[in-house]
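Two complexes come next, and they have one chain in common, chain A, joined by chain B in the first and chain C in the second.
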Partner chain A sequence: MTFLTLRGLTKRYDDAETPCVKNLDLNIERGQIVVLLGPSGCGKTTTLKMIAGLTEPSSGDILVEGDSVVQIPTEKRPVSMIFQKSLLFPHMTVAENIGFGLRMRGMKQAIIKRKVNEMLDLVRLEGYGDRRALQLSGGQEQRVSLARGLIIEPKVLLLDEPFSALDAELRLEMRGLIMDLKKKIDVTILFVTHDQQEAVMLADKIALMIDGEIVQYDNAQTFFTRPLTLRVAEFFGWTNFVPASQKGKTVTCSLGEFVFDGLEEHNGPMCLTIRPEAAVLCPKGEGIRAVIRSSVYMGTRIDYRVDCMDAKLGISFDSDQVFEIGEEIFIKLQNNKVWAVRCDGKEPCDNRIVWGPPLNMQDTSIEARREQNEGEGIGQSIGALDRTDEHHGGDSREKDNP
Partner chain B sequence: MKETKTWVMLLPTILVISILFIIPLIYTVLLSLNFFSITSNQAISFNAYVDILTSSSFTDSLAFSLTIALISTVASILIAIVVSMTLRNTFIGRRLALFVYQFNIPVPHYVVGISILLLFTQTGLVSRWFYAFGLIASPSSFPVIVFDQNGIGVIIAFVLKFFPFIGIAILSLLLTSIKDYEEQAATLGANRIQRFIHVLFPMMMPSILFSSILVFAYAFGSYEVPFLLGSTYPKALAILAYQKFTDIDLNSRPEAMAIANIMTIIIVALVILAYIQLNTMNRMRARQNGKE
Partner chain C sequence: MAKNRSRSRIPVLAVLYIAIIVPIIPILMWSFSFRWTYPNLLPTWSPRAWDYVFSQSSIISAIGASIIVSTLVTGLTLIIGYPAAKALGTREFKGKTIVEIFILLPAIVPVISAVMGMQGIYLRIYLSDSLLGVVLAQTVFTLPYLILGLAAVFKNYNMEYEQVASTLGADRWRVLTQVTVPSIFPGLVVSCLFAFVVSWSQYLLTLMIGGAAVNTLPLELFALMTSQDYPVACAVSIIFILPVLILLGLTSKYLTTNGVAKGGINQI
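Up next, the complex of A and B:
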């Protein structure tokens, strides 16, 4: 039996033309961390608020361990919610904030004190109990907020972008803390974020939500290898979209024919999606011919736009593989980084590169860097690379695509 | 250069405040100390204060004014909280209710006093309605609300004027960030009453304190409402002071000034206390907002 179930959950605000959450179905197993991922305004927070009881659903049901909680008031639901802002009560100390939920339950002071101290240890804030809530840094505040939510031992912990206000370093630290806590505490977590990296790092499963609907619910790896729709692919960094058609199990486009394991048989238009890192270099004359049209230096890699057969692609190589504009290269596409998704009227497929340098940026990157490096006496690093090595730099062990 | 410019800009305000407020204040103190006595005795003395503080009319008036101000303020706070908590919810006709709620803020106290007079005297409209509906045997058996020694009419007038003023301050707070804290408290298991006691009320305190101190000071020093609706004894302090000031016996003037100064000292002391408390609360809030 699933632990938390959302069944046809819908929310339409009085003044809105369309529902902001549409007929949502979601099953979460006990002890899982499920991340509700999606762009801003897609209905993630509304979903969380409905589970917490802060927003009333227009229709549908929410079940915790099989029991509907829709009619139960917020304060009696077996859930706890951590918000984007820490929302520590400013007139209370850290210890008073953490113990708030237990005080509201009429627990004895001695027990509260013991549990608060345990929580302070758990969130690595030993000795901070007597501080005012306002004497803490942003990261410390969120840790107190987390402890305050956990101390009441909720069955489900809801986290609404709790780290989005923190700087990058603190965000990483907090994600680590969540993963540590998860090992120590038996709690099911529903975590909302718009940060794909955060979702991948934390989630047992990701529910990708777009325009109020869950478009794919899978583990993180599947999103990177088998996206269900064009929009899912875009969200997870699939950057190239080439019109194709499918007959049986074979997908055909200007780049050739592709057969994918696990692709449902189908006859009709498709969209071939290619990750930027899918391309590997081949010896001259092998693979697909491509002509460099533009490039952007990205630090550890260089992003190129290439003309490849009749398609335009955005591909990415390590930054030690440098090509001139107009240079001809031969590439092959790694099968595990190419996939085909169905396209319909809502999501038509045209040849486009979602990511990639705009053409007018072309010469400013490599050449400018070459000039800069030569000026600094390090021109060899980019300017005099061994072309032969470069062209043989691709992994020839990969399965060839036509 | 920048500082000079700032001072030049502030100068008109400083001059106006000095001429219209500080100089008269000093003059009042000097008068109360018999400094400008028009009688033969020119020596500075505290006799006026001694006489005032030992007279029963003053102590009764002081108690009356403090009681009126305190009850009006507390009642206004309570009503303002209840109404604001109701008005923050969405309901049909809320806009109209909000308009009615704020309607009498710009109405002068004097007009409210007259309204109370027309409504609640024993010959007023309410007593006539009661009589017409057979609820009282005669208009004169209508309870004495106006001109009574307990100042009920005065309190009603003040509360009518004050609660929307305090309420607007509370409502503006309730409609903003405080709602998030309340939701947070709810998800932690606090019921409606607990949320109010442990979260909302403490967070409303700075706004309540600020607006209450203003209304308390106003009620304590008010002249026109107690003049219209108060009893002949005890009088509100402002009325007592004015009567002594306009007394044909010029020796009463230092006493009038002494009463005025005592009122000022009480109000200033309250304002300072409130300022210290508010400052602490605002510092806490500013730091919280800075973090957000």
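Up next, the complex of A and C:
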């Protein structure tokens, strides 16, 4: 039996045309960390709030250990939620904040004091109990907020982008703390974020959510090796997309035929997706012929844009392999770095290159990367080893040679 | 920290007291005078006015009536106004501007033009000439001050505090008493002070609705003013302004915009 179950969970706000959470099904095992990953506005927070009881679902059910909690008021649900802001009560000390949930349960002062001290130890804030909430740093505040949520021993801990307001270094530290805590306490965690890296680091399983629907629910590795749709692939660093057709386990496109054992049957439009590091050099005359069109020096490697058969591809080589613009090379694609994905809509997709691992899943950055890559002839022409600093950003790292 | 804050309060208090205390000094002098005529710089002193005031049972009972009426009005205003202020401050809904104008109306329309109609209605429903009638009538005119004041406080208030509290096991009552009220306390106090002061100085409404049955301090004061006995009128004036001064003193630490606007978040 699964520990936390969402069954057909739907939320439609009165003034909205389409539901912001659509018919969500999710099963979470006891003690797992599941990350709900998705761009802003995709319904992640609404889902959490429905589980916490802060928002009423339009339809569907939420079960904890097999029992529906939908009718149970927020304050009686066996869940605890940590928000993006720490939301420490400003009129209380750190210890009073942490002990709040126990006071609400009418526990004895002495027990509360002991448990609060245990919690302070657990989040590495020994001796901070008497401080005011406003005298803490951002990271400390969020740790207090965690302690406050954990002290009531919830069955399910919900975290809504709890570290997105912290700087990068602190975020890493906090992720470490979560993983540490996980080892010490028996709690099932549902963690919401738009940060792909955070998701991969923390998750036993990732549920990728786009436009109110869970597109894929798998462990992190699967997202890197077997993405289901084009958008999922984009978010997990797959660079090239070439329109293709599928027959059984065979996928055909302008680059040739590929056979994938694990591929499921699908009737809609498909495309072949290729990781940039999939290409290996072949002796002249073997493999497929490609012509270098542009290049960007990236330090340890160089990203090339090539014309290959009828397709445009983005591939990268170690930076000791330098090619000139216009040079002809022969490449082979490693089968384990090529995969077939479904196009998200009904329409077949065009040949596109989306460079670089995404920094996060904010819609804007993905759009920006796409635009940058689809437009031809933008920017000045550069030689193979020309360095321009602006190329080192994650979002737009390529320029074309017209 | 505390030292710093009390220092920053000094100019606020200074302005408050110069604006309020200085004009009171001549009134205070009048109240202790027997006669104060030109060209004398100082009056001839006498406690006569104060003796008179404390021997008059009508004045003593007027003080009591005023305190009862204004306290009831403030309480009722808070009970009615709090949910309205919270809705206006924290939610967006269609027709919000119209609702706001409606709420503001009693503060815009002159009391005198409203009270004529109100008196007729109150007569018909047997509310005129009663304490309850006066309290209800005054509440109409204190509501806008409390609602709009408190709504501004709620605009700066993060509703997520309440959500956190309820996920931690606080029911609605405890969310209100242990989270919301402490968070907005300064703004709440100042808004209530407004309501109290508006009610405390209400003359026309009490006169028209209360008739002879409810005799508050402003009514007593007006009668004395017209009687030409200045020392006594001034003594009553002092009594009239005293509660307001005391309340101001007690709440002065919340009266800076900082204290109110941030809903007390910065009150350490």
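Following the convention adopted for this analysis, the second predicted complex is superposed on the first by the 342 of 402 C-alpha atoms of A that agree within 3 Å, B and C clash if a C-alpha of one lies under 4 Å from a C-alpha of the other, contacts with A are read in each partner's own complex, and residues count from 1 in each chain.
We take it that contacts are C-beta pairs under 8 Å (C-beta built on N, C-alpha and C of every residue); 3 or more make two chains touch, one makes a residue touch a chain.
Bear in mind the structure is a predicted one, so any value in this text is a computation, not a measurement.
Per the definitions stated earlier, placing chain B and chain C onto a shared chain A by superposition produces a clash between them.
Contacts of A:Tyr13 after superposition: neither chain B nor chain C is touched. Of the two partner chains, chain B is the only one that A:Glu141 touches; chain C does not reach it.
Of the two partner chains placed by the overlay, chain B and chain C both lie in contact with A:Ile152. In the superposition on chain A, chain A positions 52-54, 73-77, 79-81, 83, 85, 87, 89-91, 100-101, 104-105, 132, 134, 148-149, 152 are in contact with chain B in one complex as well as with chain C in the other. Within the complex formed with chain C, the chain A residues making contact are 49, 52-54, 73-77, 79-81, 83, 85, 87, 89-91, 100-101, 104-105, 132, 134, 148-149, 152. Taken together, the chain A residues at the contact with chain B in this complex read 52-54, 73-77, 79-81, 83, 85, 87, 89-91, 100-101, 103-105, 132, 134, 138, 141, 148-149, 152, 158, 165. Remark: chain C residues 158, 160-161, 163-171, 174, 178-179, 182-183, 185, 264-268 touch chain A in the complex. Residues 180-181, 183-191, 194, 198-199, 202-203, 284-285, 287-288, 291-292 of chain B are the ones that touch chain A when the two sit in their complex.
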